[in-house]
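Below you will find the structure I want to go over with you.
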Amino acid sequence: MAGIESSFFDLTRFDALSRLDTPIHRLEPRIKVLTTMVFIVAVVSFDKYRVSALLPFVLYPVVLITLGDLPLRYLAGKVFLALPFAFFIGVFNPFFDREVLVRFGPVGVSGGWISFASILIRFGLTVTTALALVATTGMYDLCRALDRLGVPRALTVQLLFLYRYLFVLVDEGSRMQRARSLRSFGNRGTGLRVYSHMIGQLLLRTLDRAQRIHAAMLCRGFDGELRLTRSSSIGKRDILFFCGWTAAFLLMRIYDLPAWAGKIATGMVR
Amino acid sequence: MHMADALISPAVGGTMWAVTAALAAYSGKKLRQVQDDRKVPLMGVLGAFIFAAQMINFTIPATGSSGHLGGGMILSILLGPHAAFLTMASILTVQALFFADGGLLALGCNIFNLGFFPCFVAYPFIYRKISGDNPTPGRILAGSMAASILALQMGAFGVVLETTFSGISELPFGTFVLLMQPIHLAIGIVEGLVTAAVVTFVWRARPEVLEAAATGKVRTPFPLKGVLAGLLVVTVVTGGALSWFASAHPDGLEWSMFRTSGKEELDAPEQGPHAWLGRFQEKTAILPDYGFPAGEETEEPTEAGGTPETAEAEPWPSISAGTTVSGLVGAFLTLALAGLIGLGLRRYHSKS
Amino acid sequence: MSHHIVEIQDLRYTYPDGTKALRGVSLRIVHGESVALVGANGAGKSTLLKHLNGCLVPEAGTVRIGGFPLTPKTLSQVRKTVGMVFQDPDDQLFMPLVREDVAFGPLNLGLPPEEVEERVRQALETVDASHLADRPPYRLSAGEKRSVAIASVLAMEPSILVMDEPSSHLDPRARRQLIRLLSSFRHTKIIATHDLDLALDLCPRTAVLREGRIAADGPTLEILQDEELLESCRLEKPLRLQGCPVCNGKGRTVSA
């Protein structure tokens, strides 16, 4: 995982993105969640040798990013950081699937390379879109959307609290790490014993903090159930967004548009 | 170890989502029954703690690499299985949402692999059994090691199964297993050590924390036999059904089966929902048209939709160069168009 | 509105680890009074405050708020009356957005949404934090966090405000704003603080705690000039009563 200090700034930056005011940000959160899920399912439902048919789907994240004022390089960096697992599983495909499926004259491209490319494209599409969803929605709205979509209240409340205190704890953790690194040299002082003491202390402080928070909650009348406010309502624009994109995804899923475009283009050239 | 959306199929993703959702709802209900409103802030803050703790590393002597805390086990020890499961679920959700660590569709898989096994299996049946109600450092160590190692083995195996059933990766089952299990054995050992170290620290500094966590917990989180049996049935059925869906055309699972074992492809049933779904898949998931040997009038390799006669599948596909070129041109055009739309939108948007 | 009196009789409390925090504290505070609670670290200030709204249960002695003894049944009523502002605002601001935090109390009171909105608006306005309504707490400065924490308590419209070290971690400007804000409140105020100058500004009456007992209780100006008393309680005179180090060379300097 990335260093703890850089993670803190990354979190705060990402959180700040959700507070912009753009047409995408203003869409109703549940709609955005549902549309994105349809997108992901559509992309993932292709079978493994499809490459060109996946490409039109890039339109959705493009729209989200441009109309949502999201910084492209920053998002690309995050996508890249998340790549390893999918990459290292996918990279085996060319080894195990060597039947040539496509020929460019004398050069043959095996199915393995095609499916590997497909994996990479899927990865890019799904991860970028998921990040765009979160960057344009904000944790609180997202949790409320999940809550209204049926996620158990215990889990949505948990997500809210976790998120709220993530910043506090990552901050505390990074201060500890800094203190440790200032007094450790080479590999001395960074072993398991010191680590377990650090983490143990952090844990005990965290437990104390939990007690204080609980007391604060009780002092303001907490009775076990957390009530959330400010419900958003789905408007015409939101429904249009959902239906329009779902139709587009279906279209892109069923018909291979790049192939048609290519046929037309090469047909014209001939 | 977090599964990505790029490697799973909707069927696998959806199934695991359903399982995870059921577990989450069940855990939520159990927590409400216990009515301990202290858990609300505690779960949240401990989740944040695990998150932060995972970002700090320690060096492993003699290897030069670093390790960090896992989470599922410590949370189970401090919170009990149900609360720990929900907390793990929230951690994984935030990791997926904000760090792109794991896909959204794959979130169900990840919560199951990294939440269910440590909290509902390894913790009650291994850790608790070994460390008992009055733990000593030795028993904490033994329990943590055993539980962490086994939980990670099960989780890793879950990843293998989910990936294989999805049919996107070509890794044959056997190879994948040989790849995943040893790595996660090492990770499990490290996690066991760390968990033991931290728990022992807490036990020495403030034993009442562990005692408080130990009381009020059920011995087994739910009527385990019933649910495990149910899960087993579900897994077998969906596994079988998934491989049928996947093999409306020979690919994926069959491919590796064919190659590694020389077995014939699974027979897809002729009637019923499988056949209908198979035909539907033919129409919507038409592969590059593998049915036509070179020289014949070739249909567009990626022609979709309403030409059912091209839907015949053959195991050894070949595509002519001409259609490949147009395919590439088409791909290029698509990307160019998308880029232009993007630029145009940005300009329009910044003007308005 | 009844006379909300805070009456503490011979309060004793020992922590689970054996620390005897309070060894018989008696105090009576009437409606509208502003009392500073001063003392060394460990003297028992925070412990005493926590008894005022039931966060801690006395080992012996009684606590009565507005004439009612503090029992599990009267607890929720007392918590509506006594608003407590904690030492660490991060413990108190546990919702993801400021406005949600301020709304937490009113929502738990069961008020209808419009009323909740109104209370949130008013509370934030009172502490001059309306522009912070949609911020997450981690993006607030210490002073802003303090103001929002106060707002979150004000939204419940308590008659008694209990505060634990309100001016800690505040820069001079924020501190001055806090003092100005608190002096405008008509509530009964009980403020535990190390900031003796704040005590001088805000509280006509001061109670001094030493090792779990009240060592002195009287007019602030008198108490805070009693050097012997202050010394015995590990305290000093407020900075502005110590004489100007530039003008007349009296008062403590760094080497003292």
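In order of appearance the chains are A, B and C, and numbering begins at 1 in each one.
Keep in mind that, in the parts below, contacts are C-beta pairs under 8 Å (C-beta built on N, C-alpha and C of every residue); 3 or more make two chains touch, one makes a residue touch a chain.
Computed from a predicted model, the values in this text were never measured in an experiment.
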{"item": "Most central chain, judged by mean C-alpha position against the global CA mean", "value": "A"}
{"item": "Chain pair showing more contacts of the two, A-C and A-B", "value": "A-B"}
{"item": "Centroid-based (C-alpha) most distant chain relative to chain C", "value": "B"}
{"item": "Chain centre separation in whole Å, for chain C relative to chain B (CA means)", "value": "50"}
{"item": "For chain A paired with chain C, centre-to-centre distance based on mean C-alpha positions, whole Å", "value": "43"}
{"item": "Approximate Å spacing (C-alpha centroids) for the pair chain A, chain B", "value": "15"}
{"item": "Sites on chain A at which at least two other chains make contact", "value": "139, 160-161, 163-165, 168, 209, 213, 217, 222-223"}
{"item": "Of all residues in chain C, the ones touching two or more other chains", "value": "94"}
{"item": "Contacts with 2+ other chains: residues of chain B", "value": "41, 44"}
{"item": "Sites on chain C touched by chain A in the complex", "value": "50, 53-55, 76, 79-80, 83-84, 86, 88, 90-92, 94-97, 100, 103-105, 107-109, 113, 116, 134, 136-139, 152-153, 156"}
{"item": "Chain C-facing residues of chain A, complex", "value": "12, 15, 19, 139-140, 160-161, 163-165, 167-168, 171, 209, 212-213, 215-223, 227-229"}
{"item": "Contact footprint of chain A on chain B as seen in their complex", "value": "1-10, 13-14, 21, 24-25, 27-28, 31-32, 35, 37-38, 40-49, 51-61, 64, 68-69, 86-87, 89-91, 93-94, 96-101, 103-105, 163, 167-172, 175, 193-194, 197-198, 200-202, 205-206, 209, 246, 249, 251-252, 255-256, 259, 281, 283-285, 287-288, 290, 300-305, 316-322, 324-335, 338-339, 341-343, 345-346, 349"}
